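Below are two complexes that have chain A in common, paired first with chain B and then with chain C.
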Partner chain A sequence: MATDPSIETPEAIVVDGLVKRFRFRHVHSLKETVARWVRRATVETDEFTALKDVNLTIRQGETVALLGFNGSGKSTLLKCISGVLTPDEGQIGVRGRIAGLIEVGAGFHPDLTGRENVYLNGAILGMSEAEIEARFEQIVAFSEIEEFIDQEVKFYSSGMFLRLAFSVAVHTDPDVFLVDEILAVGDEPFQRKCLDRIRELRASGKTLVIVSHDLNMVADLCDRGILLEHGVVVMDDEPHAVVRRMRGEG
Partner chain B sequence: MADIDYRAVAIEAGLPRVGARPSLWRYLVDLWHRRRFATTLARYRLEATLSEQRLGIAWVVISPLLQAAVYGTVFGIIMTSDSRPDNFVPFLVTGFFLFTFFSQSFSQGAKALTGNVSLVRSLHFPRMLLPVSAVLKELYTLAPMLVVLVAILIGFGELPTLNWLLMVPILALMTMFNLGVALIAARLTVHLRDIGQLIPIITRILFYASGIFYSIDLVLAPPAHPAWMLQVAQFNPVHAFIELGRGALQTTQELEPLLWVVASGSALVTLVFGVVFFWRAEERYGRA
Partner chain C sequence: MTEVSPRPLPEGMERPGVARGLLTLVSHRYLLTLLVRKELRVRYQASVLGLAWSYVKPGAQFAVFFFVMGQFLQLSRSIPPYAIFLFSGIVVVNLFSEILGNATRSVVGNAPLVRKIFLPRQLFPLSTVLVALVHFLPQLVILVIGALVSGWRPDPAALGAALLGAVLVIVFALALGLLFGAVNVAFRDTENTVDLILMVAVWFSPVLYNIGLVRDHFGADSWLTRLYEANPLTIAVELFHRAFWYPAAEPGVRDGALIDHVMWRGVIALVVCMGLLWVGDRVFTRLSRNFAQEL
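What follows is the complex of A and B.
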């Protein structure tokens, strides 16, 4: 196993025999569909197995980098952990409240103002109105878009959009925080601020799972690296070692 | 890697399975806890659509009023005057407004999941919040329409009576029915997008079958048509809600006991079936 600094803490995430397949159904014309149905032929489907029997445990307080090249299954694994995708086989258990920045700002409605979106997003993440109220100032201050908070979100730049979405998510007080490739957007000062916030979360014992192509950054940030290749876990080790292997140096 | 029985670890640690569909009871409790999302979304959406237009909230009323005027005029010319009851304008407007509440709940409810794909795919929450919010938005939209309806009723000599209070249970039952229909439509649309094409046609058929601009009782009266036609038409729940509304608001219209049976029966059955039907596919909505 990896260098595990906190072997005593309980498991936060257990992934057991996870298999996730995607089916592509070829779209046919109505005529073809009817002809096929008349001949009682089965519908042709292409199957693509994104994750093949993934097993892992992540303990409370660990900061884990999910590494791998495009199409290796990192984001699919993250979506399965967040509960958005249901596994085809196997199970995933997670302890505590999950917050995910998987598709940034997905819960945002462009026609609504920043303020309205903060309330909506908080509500959908399971915060009470009092909780949102109490943290509203903090959320806005962190995002640094005070003067635009009552503007409709569709007028926001992509950077402002990201800041607000990230800010809401990190202030929901999650136990498990899933981050997919969000630190790539935003300017450098804001990135630094996000990293500081992530370190704060880490220091307060939260569990973090991070997907990023910024290998140096995640290797420095995380204390464990899991390498996926074609939907299989091929390495689970200290993150710098995993990055060296990805670069063909190890 | 070390040989670990991950399943045993998960069970031992007492980790709940992610994304599992909870029991119906737990699901409804969870829904209740997050009700603020549904109400807030409904309110903000309504405000947002209205703020784009100069006349704002007035359109909520003007649009169905204009449509009612068009249908009333066109069919007033085409159809014979004995198809229309006395005091036709309040009859028409009550019918049209209530029908709009149904048809909008149906079409917006059907889009509740397919129109929010990115939200469904990135966050985990009880999916039922979305169709609930869609129907709530239509209920909020109905409020200003009712205000205008009161003005029209009084303008045409229908003064308020105690019977007007019956609108509270009638609208409660109708909201239950609309929510049930929205939940069924929302799930079906996820499985088969083509349903979206059928909705306007179903709505149109119901529009003509529900007696908006004519009286079913007068047009389908026994001598001209076989008796069963009227009986079948009276079992249409949408017609029942509209007729009850007219009976409560207009002294010239009657409140038939059969309508109450059809209205409450269909509201209860549709809502219970809709909730269970929607809940059963809870784990599958993120996939589409």
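What follows is the complex of A and C.
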């Protein structure tokens, strides 16, 4: 292992023997279920194991890149850590408040104004009313859409929408940040700003788990890389080394 | 399904995404109020009448029933003041319908959130209760005004009956709403089934006619009458009749117009519905683990 944060640092995330299976049930109505049952056919399910016995320990203050090609289970792992998905086997432990930037803007409603969405989303991401009020100015300033904040979000351009959503998410101040492909938000200056914000969070000792297909960027940003292949951790090392292996260079 | 793992987590760590029961939502009060506000804002977006629609609908319903059932079919003769009798039943059934109908759709309707962010999922059905109450209160005000005009003078039993009836119908509707809302994630037929239930609910509870007709038709001791009388919605409607219609009605009309021992039945039904709510909450909590992947 290239990275070895001091053993005394407490764990931020522990993934212990995690198995996650997906069952695709092909019937979605009672009628079909009953029809199958009458014909004594069992409900057809395809099972697909997305994560097979994943074990990980991430310590506080680490910035970890979850790497892997499409379908390797990165996003599933992130969703399990965030609590959206429930493990089929094994367990996950998290210390402190966790915020997933898994899909920014999930809680946004097009018919509400920017301001209302900031409050609603802040609360969805676990902030209290006082916390949102305290950070409101900062959130709006970061998103650079001051003059549109009282307009309904449906009139926003997609860039404006994502900037506001991202801005709310990075101001939630959790202990553990899960970031999935969101650094591709907005134009280049805004992207740079987002990266700066992520670095700031890193410097302040937050734990970050980042999924991205921009390999160079994450390798530079993170101090540990974990490579998933078909739901199995195959490498856990310095991120540039992991990226080289992914590219077949090492 | 999560088995309790033999290895304990390091101290101070928590399992993410563990579904808990309804009672834990107290800590999410703020989010709940925002969800309710959102719901109301979105529902009346770009509508001129806005919240006034919550008066128009029961108003129209009342007018239709009053003239067709009360006047044309002459149901009003036996139970004056019929307008109060009718409207006190309508507000109960409307409260029931709105909670149950919206709670059933609440999880599927919030699919983008459920799929992506972990929140206590009971928030969605619970917020439908609060939205329904926002619509219920103005109707209740109209009912009180109408009753006062018709000579209603409240007694303590009437106020108790109103409170008991409202709590009963909320608990009953939320209990069913949690059950149906959870099942609806996997089986979308549920919402159609619920629509069917809601369509017949107003006819199979004593909203338009008094319960005496049911007894006369089926016989006081038949199991159909028993079944009809055991329906918590019937009891809630009768509690509202006891609260608003009974004190306004002539003594001669009152006798035998309501179900017997309405208060006691109300208390028993409430206890039963509390049990049902507990079951609904447990089922919802259990099924909620798979919501994200089933949606």
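A few comments on the model shown:
In this text, the second predicted complex is superposed on the first by the 235 of 250 C-alpha atoms of A that agree within 3 Å, B and C clash if a C-alpha of one lies under 4 Å from a C-alpha of the other, contacts with A are read in each partner's own complex, and residues count from 1 in each chain.
The rule is short, and it goes like this: a residue touches a chain if its C-beta (ideal position, glycine included) is under 8 Å from a C-beta of that chain, and two chains touch if they have at least 3 such contacts.
Nothing here was measured: the structure is a model prediction, and the numbers come from that model.
On the superposed chain A, the positions of chain B and chain C overlap enough to count as a clash. In the superposed pair of complexes, A:55 makes contact with chain B only, with no contact to chain C.
In the superposition on chain A, A:232 makes contact with neither chain B nor chain C. When the two complexes are overlaid on their common chain A, residue A:241 makes contact with neither chain B nor chain C.
By the touch criterion stated above, A:217 is placed in contact with neither chain B nor chain C. Of the two partner chains, chain C is the only one that A:88 touches; chain B does not reach it.
Of the two partner chains placed around the shared chain by superposition, neither chain B nor chain C is touched by A:19. In the superposition on chain A, A:195 makes contact with neither chain B nor chain C. When the two complexes are superposed on chain A, the residues of chain A that touch both chain B and chain C are 10-11, 14, 16-17, 79-86, 91-95, 98, 100, 102-103, 106-107, 109, 111-112, 116, 119-120, 123-125, 128-129.
Residues 1, 10-11, 13-17, 55-57, 79-86, 91-95, 98, 100, 102-103, 106-107, 109, 111-112, 116, 119-120, 123-126, 128-129, 152, 233, 236 of chain A are the ones that touch chain B when the two sit in their complex.
The residues of chain C lying in touch with chain A in their complex are 1-3, 5, 7, 9-10, 12-18, 30-31, 34-35, 37-38, 41-42, 45, 112-113, 115-119, 186-190, 289-290, 292-293.
Touching chain A in their complex are the following residues of chain B: 1-2, 4, 6-7, 9-10, 13-19, 33-34, 36-37, 40-41, 44-45, 48-49, 52, 118-125, 129, 283-284, 286-287.
Chain A meets chain C in the complex at residues 10-11, 14, 16-17, 22, 25, 28-31, 33, 79-95, 98, 100, 102-103, 106-107, 109, 111-112, 116, 119-120, 123-125, 128-129.
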